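There are structures below to look over.
Below, subunit A partners subunit B and then partners subunit C, in two separate complexes.
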Partner chain A sequence: MTRHHRIAISRRRFVQATGALAAGLAMPAIGRAQGAPLQLGILTPLTGAGGFDGPRMLKAMKAVIDEVNAAGGLIGRKVDLVIEDDQTNPEAAVRAARKLIDVSKVPVIMGTWASAVTSAVAPLCWESKTFLTTVSGADSITLLPHQGYLIRTQPNNHLQAGKHAEFIAASGAKRVFIMSIQAPFAQPTQRRASEVLKQKGSEMVGGLIYEKEKTTYRSEVDQALKTKPDLVYLNGYAPDVTVILRDLYRAGYAGPRFAQSYAVTGKVLDALPPEVTAGVITVQPSADIDSPAFGLAAKRTGIAEPDSYETQATDWASLVSLGIAKAKEATGTGLRDNVRKISQGSGTKVYSAVEGLKLLAEGKEINYEGASGPCDFTDIGDIIDCKFRYNKIENGKPVFLKIA
Partner chain B sequence: MPPILAEIAQLVVNGIMTGTILAVPAIGLTSIHAVLRFPNFAVASHATVGAFAGYVANVKLGLPVLPSVVLAFLVAGAVGVAADELVLKPFRAAGFITTAIASIALTIALENLVRFGFGNELRGYDLPIMRDWRLGGIRVGPQQLQNLAIAVAAMAALFAFLAFTRTGKAMRAVADNPMLASIKGINADVVARLVSFVGMGLAGLGGMLIGLDTTIDPLTGFRAILSVFAAAVVGGLGSIPGAVVGALTVGVGEELCLLFLSPDYRSAVGFTAILLVLTLRPRGILGQRAY
Partner chain C sequence: MENYVIAMAVSAGIYALMALGLNVIWGLAGMINLGAVGFFAIGAYITALATLKLGFPIWAGTILGTIGAALVGGGVALLTGRLRGDYLAIVTLGLAETIRVISSNMIWLTNGTDGLSGIPGPLRGSLSPTQFNLLYLGVVAAIVAVAYLLSERLAQAPFGRVLRAIRDDEQVAAVAGKHVMGFKVRAFAIGAAALGLAGALYAHYTSYIAPDIFVPLLTLYIKLALLAGGLGNNRGALIGAFVVVFFLESTRFVIPYVPGLSAVQGAALREFLIALLLLVLLRYNPAGLVPERLPRIAPS
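Moving on to the complex of A and B:
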């Protein structure tokens, strides 16, 4: 009996105590908000297929925010990052994004990587007026009705195909054949490359789209060589490009071949005899290694040569910091309306967030030039220009050609 | 030769080359079907197992191609017998659909075992790649001719085995009429093991032949299985000469379609062939007699 009595009291006390605590926490919330840290959301793949790039992007963003905090934070507040793992999985990403938007009430989500994840998360963002920054490359992403709440720093397919064609034309190739794998990017790539080749005085003499997962592409190679190309652009993935490189060699083709570096990986070079891959030119989006922002990013992260993903992450954190400072408020709409005011235009060029914050505080106009590229955006949130890294395969190894 | 004729001739040659290689695993699939009466989709993973066994022999142990091919046959055959005894045999009482589905599960499991051991990356055999020969405007690859010879030799050996040896005749007897064969005292279990060994061995050999021409990875067999299945069905599931005819039909058909279709419709040709054959001649081109 006594025991029961004691329990009853302690339960009552517990309820009272909890109530008091809850009230204590809730009441002065408004009073404390001014000093409370400003929370920015990060949603990036720490696991899954993007698990290699996500943690490195996270590190680069943290480095920028640490620097901003050391310089006094944003709009008078310290900045905190709320980090969620999207698991490279749209379903997990949507759950995590809901948490960032509904619970943490972040003005921005930075860091989605896979196109499927970005396509799933983007509607949540524009519905809740949350700003989204991404590296996903699919053309369809910026075509979503995102009302300006999205920017991406990764070159889309259209920009890539155009840049590739410029390089090919400048290399002196006059007759170009494009072999594309059956994929959403096949036709847009061929169309855009054909346009640019023509503008630059070269010609796309033909193109075909082949099926994936075939054991041989002899007849496709015959079709390509019938047009007597002086360069063959292999617009596919590693398994099929490997087979085509062999078939091109067997067919006696010795001219230049051009491919994305993800299709001619180190493993592909190991699997093929060096004579088959000799002279293949590979391309990938590159950081802007000549930009002062790149040097600053390298110093800040302690990485000798930050890659395209690390520099893009650096640029998101910088653009978002500068956008918030320019808007004088931490909201998604503020970012949407101000990001282009600090990323492009005739303002003083700045190469880091801290440098830009100082000038903004003095009331000056700025133009952030990033580590991944100039960070100038179109109306739909695509970058206007970026650099590409070209390598040439010699003796089964990629040899650096140039960044342009 | 007028250009269009040269082009057709080239496509036919390419088709025969692909078809002959397809025929090897197709014979494996069809002979297992003839005796055990279910489509064994695990042919896909056994092709991969053979390709990797050949890879180990050729690259890791430094053996030349021919002994490696033999090893590919033996290892895939042995894995085939073990897998059939342990996994598929218990399912056979439940009917052929259940067993066929079990074989799909088996093929995914085996494929992932290979992935576990070797990883996902592409691998190539230790072979020089030679430029093709040009014979009267037609392009032929030395490696392909060698593959063709290996495939033809394997098929000839199989036909001789079925025609002239007692065991081969026993296999045909079980395929023709299992009841009668058992009355005659033929041990169906032994024949089942034998056909699993030979069938999956051929799948493994086919896998290695595909790999010799390209590269290998754990999906090597899976990529080919649809065409292999098409070949076996078109020729008449259960008929060994039918598998050869079917493979050549699918191989040459897929190539000739390039005359008027874009290459991304290639596989559609194989499956249109299946639909046509099943509609017009449900037993396949050569019917379902094993031999």
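Moving on to the complex of A and C:
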């Protein structure tokens, strides 16, 4: 006979427990009072595929906000960051964004990373007049009807692919093969790169799109090598590029390989033997490393050479701080209407939020020059120009080639 | 705050509809369907494409999505009629993944991993976000209520009894003269219809769908909702869906009060906490919060 031992969660106890938790949920509203901290939202991947970049972006934003707080905060208020994890999943991200918008009532959400997450969250933002800053690269994002409530500091595919192809052609490669992960950027990148390569006298001898999360890409590698390329462009993410680099090495290919630096991270270099990664060229959007903003970001975060995501996150926190100060109010609409007034134009060039805040307080016009680039935006929220940094991997370490 | 609670209630309502659908397939007929999210995706894509590309009204797209999911569901049941238990689970899991991979690659139709944005919602744009959420909550609540009543009717009707008989012993049901395959196909189609309808409701609610949304995690949430609520019981399906959304969301508010955690640790702890809550719930309620009550057979 089975002992029927139900520590009964009776209906009453369930209702009581639910009520207690619901009261807990309501607490932040009670704590809100005049002069309370100004809350800014961060929605970035802390778990899932973006779990490597999200925390670093978060750290960079925190560093800027700490500085702003130390200098007296914004519009007379201390700044608090409300952080939610988007789980690199659009469905979870939408729920998290609702919380930020409706419960925390943030004027801005900073930090979406995956393109699908940004596309899912963006409608919530513009409908609720909340500003959104992102690194997602898919061209379609800035084409959404966002009414100005969105900026992205990441160069779009068109800009990136064109610049990459210019570099590849200038490096002397004549026959280029491109392997892309199945992602929104795959086709536009292939198309644009092929176009520019042709203009510059090189040729795209072939391209393929592969599935993510495979344990081997041997057949894809064979397909690529059949075309006898003198450069293979790996347009994917770290997990798959790791496997492809290994498979290319095993297949005996030692020619130049070209990849985004987010796909050849320190982790990847640690995971693969140095001979497998030797000669890989990595590219990333870059600030002019001579830019004072870059040096300041490095000092602030304690990272010798902040990467593209860390610098972009630095720039969001700075742009948002300056936008709020310029608008003299912390609203999404205020940010939308003022972000270009502090990021471009003929004002005094400033390289950090604190520096800009000081000038704004004196009633001066400013032009923020960021750590990730000049931070000048088109009407639809794309950056106008961006520099790229090229590294070559030697002995498992990236060695600086050039910035162009 | 209100808007957030309303939006989460809509999410829970959509989860509840999925749980009701899965309950017919899994709870009543005993067919383990790990591909629930696949039918959800079919409903979402059909209505998104019908309204965006063919200019159908929202209600018509939703009905088409529901029918589409039901047809695929029936087809899957026909193909897999002889598979049971784990084998059926593997096939349905594979089906859902196949649908996701197709939606990622059939770029001309589905726009690939970019997803489809701008899917119309009823009166979206002419209402404030809160009004829209409220309206949608009304629609979802009404649909869930109807689905619940229909499911209850179905569970108590002779049809439901046959499904339970098939679940408990297929051979006995066959010996009793029941056309097992026919019942399985119909049960699968009915359940898939509810899943597809939920997908359509989701698409019109959030205005954006992409393959990344239709990952197995969502199937697991719905499975957990059923297990937490009580498998085989429609009331359990409803309660379970709300419990899962409540766990997912309430943990968000608890974590900031845990001292000394970085944001990353907090995010990990939150997922751990959700798992723990479900484990505790099932430890003390192995048959779910509202266990299935089988109708007594009156002594003759």
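Just so it is clear, the second predicted complex is superposed on the first by the 241 of 404 C-alpha atoms of A that agree within 3 Å, B and C clash if a C-alpha of one lies under 4 Å from a C-alpha of the other, contacts with A are read in each partner's own complex, and residues count from 1 in each chain.
Methods note: a contact is a pair of C-beta atoms (placed from the backbone, for glycine too) under 8 Å apart; a residue touches a chain by one contact, two chains touch by 3 or more.
All figures in this text were calculated on a predicted structure; none of them were measured in a lab.
Undergrad: Touch test for A:Gly172: subunit B only (first), subunit C only (second), both, or neither?
TA: neither
Undergrad: State whether A:Pro37 touches subunit B only (first), subunit C only (second), both chains, or neither.
TA: neither
Undergrad: Which holds for A:Ala138: it touches subunit B only (first), subunit C only (second), both, or neither?
TA: Only subunit C; A:Ala138 stays clear of subunit B.
Undergrad: Thinking of the overlay built on chain A, is A:Pro123 touched by subunit B (first), by subunit C (second), by both, or by neither?
TA: second
Undergrad: Once the structures are superposed on A, label A:Arg95 by its partner contacts, choosing first (subunit B), second (subunit C), both or neither.
TA: A:Arg95 contacts subunit C only, not subunit B.
Undergrad: In the overlay, work out which of subunit B or subunit C sits against more residues of subunit A.
TA: C
Undergrad: Output check: A:Gln182 vs subunit B and subunit C. Expected answer is one of first, second, both, neither. What do you get?
TA: both
Undergrad: First (subunit B), second (subunit C), both or neither: which does A:Pro273 touch?
TA: The first partner, subunit B, only.
Undergrad: Of the partners subunit B and subunit C, which touch A:Val103 in the superposed model: first, second, both, neither?
TA: Touch status of A:Val103: second partner only.
Undergrad: Between subunit B (first) and subunit C (second), which, if any, makes contact with A:Glu211: first, second, both or neither?
TA: A:Glu211 contacts both subunit B and subunit C.
Undergrad: Which residues of subunit A are in contact with subunit B in one complex and with subunit C in the other?
TA: 182, 209, 211
Undergrad: Name, in rising order, each residue of subunit A that touches subunit B in their complex.
TA: 182, 208-211, 213-216, 218-220, 222-223, 238-239, 242-243, 246, 249-252, 267-268, 270-273, 275-276
Undergrad: Okay, in this complex, where on subunit C does subunit A touch?
TA: Its residues touching subunit A are 1-4, 7-8, 11, 101, 104-105, 107, 112-115, 117-118, 129, 132, 206-208, 210-213, 215, 217-218, 246, 248-250, 252-254, 262-264, 266-268, 270-271, 281, 284-285, 289.
Undergrad: Please output the residues of subunit B touching subunit A within their complex, sorted ascending.
TA: 7, 10-11, 14, 17-18, 21, 121-124, 128-132, 139, 141, 143, 210, 213-215, 217, 219, 223-224, 255, 258, 262-267
Undergrad: Enumerate the contact residues on subunit A facing subunit C in the complex.
TA: Within the complex, subunit A touches subunit C at residues 6-7, 9, 14, 18, 21, 24-29, 46-47, 51, 54-55, 58, 83-85, 87, 89-91, 94-96, 98-99, 101-103, 114-117, 119-120, 122-124, 127-128, 138, 140, 144-145, 182-184, 187, 209, 211.
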